[in-house]
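Shared between the two complexes below is subunit A, which pairs with subunit B and subunit C, respectively.
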Partner chain A sequence: MEQEVWQRRVNRERAARNEAEAFLESKSRELYLANQKLTKMADAWRYENEKNQAILDNAAEGIVTFEADGNIATFNPAAERIFGISIEAAMLRNFDELFDDIRFGDGAEIDSYVLDEAKEYCATDANGNTRVLNVALTKAESNRAISFVAVIQDRTKKRALEAQLAVAQKMESVGHLAAGIAHEINTPIQYVGDNTRFLQEAFDDLTGLLGLYEKLLFAVEQGAATDTVINEIQKSAEEIDLEFLAEEIPQATEQAINGTGRVAKIVRAMKEFSHPGTEKQVAVAINHVLETAATVSRNEWKYVAEMETDFGEDVPDVTCYVGDLNQAFLNLIVNAAHAIEKRQENEPEHKGWIRISTRRVDEQVQLIFSDNGCGMSNDTKEKIFQPFFTTKPVGQGTGQGMSMVQRFIVERHSGSISVQSQEGAGSEISILLPVIPPR
Partner chain B sequence: MTDSKNKHVLFVDDEKNILSGIRRSLRAQRQVWDMSFAQGGEEAIEVLRSAQVDLIVSDMRMPETDGSELLHWVAANQPHVIRMVLSGQCHKSKLLKIVNNAHQFLTKPSDAEHLIEKIDLAFKTLENSGKQNVHNAVASVGTIPSPASAISRLQQVQLDDDNAESQLKDICVKDIGISSKLLQLCSSSFFGTPLSHVSIEDAYAALGADTICNLIEAGVFVANHQRSDRIEQFLEMINEHSQRVAKRSVQLLHDSEVEANGLTKGMTYAGGMLHSIGRLIFVSYWGEAYLDATQAASDHQDLLDAEMEEFGTTHQILGSNLLRLWYIDLPLNEIAKASSSSSFPEQKTDNESVFQVSGRQITEQVCPFLRQAIEQESFA
Partner chain C sequence: MKGVVFTNLFELVESEFGYETLDRVLEKCELENDGAYTSVGTYTCGELVQIVSALSEELNMPIPDLIKFFGGYLFGQFFNAHADMLTEYTTAFDLLLAVEEIIHVEVKKLWAHAELPTFEYERPSDSELVMIYQSTRPFADLCEGLIQACVEHYDEPIEIRRENISPDGTSARFHLCLTC
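Up next, the complex of A and B:
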């Protein structure tokens, strides 16, 4: 009996131990699995982290993050290259200190820089060079903190290339215009020279006649006979055609003066036009800029069209890059002239006109360039701002004219362009330019 | 003042100021010439229809009837009128249309002395011609005809070919019609600053292959009249003969003791190429009648006799008049004098065929070799 009890107890204890062992085993297995999962997670996390770091390190764009107080938290190697400072130095600075034209103030203004689209700002790098940077700023809000991520593209080279291209195109059009300008100058020079030569000859003739009058005076003073001298005077006056001279000399003088005035005007316009222009925006009288563009391009349009201008007197000065606007207006005038020329190929009797008008519209200036040229098809109208699109024969158009207009008006001056055109009837390009460009 | 013997010059420009400037600056010429002034092409045609005009000076770019259309009209309807352009600038496409209709191209600004000199010199050709139809024969030449073979060789030159340039040049310098046109275009301001004493090669280089191709495409070198086989053969023969004379005279120059520079050589070659240009003028104006009249001639003297008898002029007179009208500075007159006997009435000239003083020296150098070459080459 006692043995039976003992046996039962042993069995119970064994069962309990087995159970405990099994429990232990299952727990340790769980632990093992958990540990393994953790390791895996750690690996994955490390991998993710390394990947992110690699992305950050190798990204072509500068990536900078900062906290709500503006303190920089992340500064990748591309950012180091762009700004020319090390990550350690960057960590000690505020984000807005990197830029010339970003200021957060006490931090309240950060949000105003968070935009849907990237925007260009300037920065001075460690070498003192100005860099043009395209910055996309986004706000990342999590439970714990607010942080900002800036993706920064260096546009300096692209801008420099674009500027070079613009200069090249400008020089090309200046070169093209030069031939026309030469003609514009040659014409007045021709008649200034001719009239001056005439004046010289006329003066010689008159000096001869004056000599005879002196002779007459002398004879009268001496109380001598005057018949012969008077005869001589009459003969000479007839020979040199005094009447003709009296009539022509004032006209010749006037034409010579007008001619030099015309040359001076053309030369002045050309000088203004080809001036490289300042990199800063300046306030200019837009009507005057239009007149300059019309003067330098006169040879392009005068054989095909009348130029009519209707300039609003209340048009305020516009703050702008004047060289860009010169070029844009010139392109529009030349295009209008070409459109008329094209229409005249089929309609030789067609009388062309180009009209330019300016108006003040609130804080903007509206400029309208209209012509009665060949007009554009809808297809052409859609494509005119595409670079390299041209309707001109090969070798005559580079397809840059209107894309330049678009860049100069819209991108550089925050203006707008609208195009209306009817094939076979003409086109109207309307431009709105802000008087003061927005920041 | 309207002395009917005075030559009549018509100036055409769309700019009134230009016309009144010219009128005033040429006031001293009013005893010498009658002058008319037309503001635009239509007005000019009215003047041409109502009065006998001897010489027209026209602007190129004018509204409505422009210079190229006006001179085309004049060349077609009144080919005896000497045609000059006075222009500031004009499109190449317009230039290509004008090259066979204008004798000379002057650029604005041109002062009065310059104009008077050019106009007077051109009038000398009119006087030298003596008879109206002799003048007409010279003034109506647009291009000297080239043999059909030369033209077809021209058209066959493939521009993408590596040798195209040298092929093109070879054809140009060996053809009287083409080389004389190239010389004309370079001697006044058609395509740039005029050059004096220009060799055919220089003219080729100055114009450039591109412009020459444009001229070919524009049909400048295709003579515009129907040709018989007989005339075709004659053109071939004259071209071939002229090439031989040109080559031989350069060789003679080379063999001589004379120190020849590139210019002298070039002028010698050009003189050789163009020495018979007058015979081509004859043919393009009188056609086979010229061949009939001269076919019996067995030597140079015979030929001149026959020409004089039938047409009252010689190919030497025609040739040198054409060159003068085109303002080409080549001593054709001197060559003519050197190679003809004195049995002909001397031309009433005082060496104006050589415009420049320095040209006279070149003439003296060049002529003996040309004369020798013409004598040595068998008569064609």
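Up next, the complex of A and C:
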């Protein structure tokens, strides 16, 4: 009996051992397969990693990642070229320290820089040069951590070229306006000249008369006869029409002063308009900028339209790149004039008007340019901001005007533009400019 | 049910009641595998219930008492096997509070598919600990045996009060109170 018990025990132990060995074999196989799978995954991960690294290394854009505390984690070679610092140096810095105008404070402000669209910031590179960088910042949230990815395009050269282009376009405008300006100056100069000549002749006449009066004074002092001299004086006064001169000289003087004032105003406006401007934004009276644009373009619109202005007295100074706004306003006025001119080709009796109004809307200034020109079709309205789109004949339009207006107002000043137009009736361009440009 | 539970039960029966007793029980159960269990295997819970029932009958000991007794034995076995990991816990409360978040996590590393009970904890005061046991298996008695052995291991004056949440032993509330 005891032997049977022991035999059963041995059988159970043997069966248990066999099961354990089978289990071990099965686990060994599972382990092998898991190892194979892991090896494949590691290879795939390594491949992906190498691929991602190659993309990072060869990307034309700077790619920088950083953690929620701002510490830089990834800094690709393009970023090294842009900022002029090595990856090792970058890893010791916070992302905001790379830029002149990005500050995270205690880190809570990072989210405010995460925008739907890329935005331009300035950075000073290792050589002390200012770079204009277009930064698209995105937030990457995972279960483990929050990190940020910045894709950075160096727009320094592009901006420099754009600035040169803007100067060239401004000079083109100046050239285009020159004939009109010359004409504008010629009219007052002509009547200044006429009046000055009149004053010169009047002065000659009066000098002759004064000579006779001196002769009379001498005769009186000597106690000599004066009848002859008095007759000469009366005759001369009649000849030079002294009464007329007394009346006309003050008027001629006033007209000459007005004429030179008019010339001075045009020259000042042209000088302001053609000034290359500064790379920094300055606070300017926007109504004055509009007056300048209207003055320099006067010869473009005065034959086709009346200019009406309604400038709000409470409009505050706007911090802006004044050269950009000069150009944008000029383009809008000239476009309005051309639209009226086009309408007058079919309706010669049509009396054109251009109205410019300004008013304060909270922390913004609204500028409305309206005209009763030919208006735009819906198709044209959709395309007006596209570069090189124009409805004007060759030689009159390059298709840059409205595209430039959009760039100057929207991109450079964070403003907005809305267009309303009715074909055959006129157009209204409404601009909103922030008084203080956002960060 | 992990085979380690079966092999530990067999060791207990062998050491306390002799191999013949275990042999009789296993023969009586007419198990499919003839009672051959390995600690690394996985078996049905029904087999354990069948063996425990037969053992209870053989020893003339109520099943709850037998399971609690086994729980106490199991605690000693587990503690000795993993002493290096468990010595960092210096009180019964420390160890019991680590069951869900630490010990069960370690068990899962070894036995990824192990079906473990879950514990919820309440601390009404520093001297009280409430453990709410929940399982798909009716082993609240085994849990009680383990808790009891843990308290005895640390030799602390802790009073254990059990309150069944379900009558089948799949969930229970253990209120442990340090009495001085």
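Here, the second predicted complex is superposed on the first by the 387 of 439 C-alpha atoms of A that agree within 3 Å, B and C clash if a C-alpha of one lies under 4 Å from a C-alpha of the other, contacts with A are read in each partner's own complex, and residues count from 1 in each chain.
As a working rule, contacts are C-beta pairs under 8 Å (C-beta built on N, C-alpha and C of every residue); 3 or more make two chains touch, one makes a residue touch a chain.
Values in this document were obtained by computation on a predicted structure and should not be read as measured data.
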- request: With the two complexes superposed on chain A, say which partner A:Trp353 touches: subunit B (first), subunit C (second), both, or neither.
  value: neither
- request: Mind working out whether A:Phe23 is in touch with subunit B, subunit C, both or neither, as first, second, both or neither?
  value: second
Message: According to the stated criteria, A:Asn186 is in contact with first (subunit B), second (subunit C), both, or neither; which is it?
response: first
Message: Just to be sure I read the superposition right, which of the two partners does A:Phe385 touch: subunit B = first, subunit C = second, or both, or neither?
response: neither
Query: When the two structures are laid over each other on chain A, which of subunit B and subunit C touches more residues of subunit A?
result: B
Query: In the superposed arrangement, which partner chain does A:Asp194 touch: subunit B (first), subunit C (second), both, or neither?
result: first
Message: Which partner chains sit in contact with A:Asn11 here, subunit B, subunit C, both or neither? Use first/second/both/neither.
response: second
- request: Report for A:Phe311: first if it touches subunit B alone, second if subunit C alone, otherwise both or neither.
  value: neither
Message: Going by the contact rule set out above, which residues of subunit A touch subunit B in the complex?
response: 179-180, 182-184, 186-195, 197-198, 201, 248, 251-252, 255, 258-259, 299, 303
Query: If you look only at subunit B, which of its residues touch subunit A in the complex?
result: 15, 17-18, 20-22, 24-25, 27-28, 61, 63, 88-89, 107-112
- prompt: Across the complex, what residues on subunit C touch subunit A?
  reply: 19-20, 23, 26-27, 33-41
- prompt: Which residues, counting only subunit A, touch subunit C once they are in their complex?
  reply: 5, 8-9, 11-17, 19-20, 23-24, 27
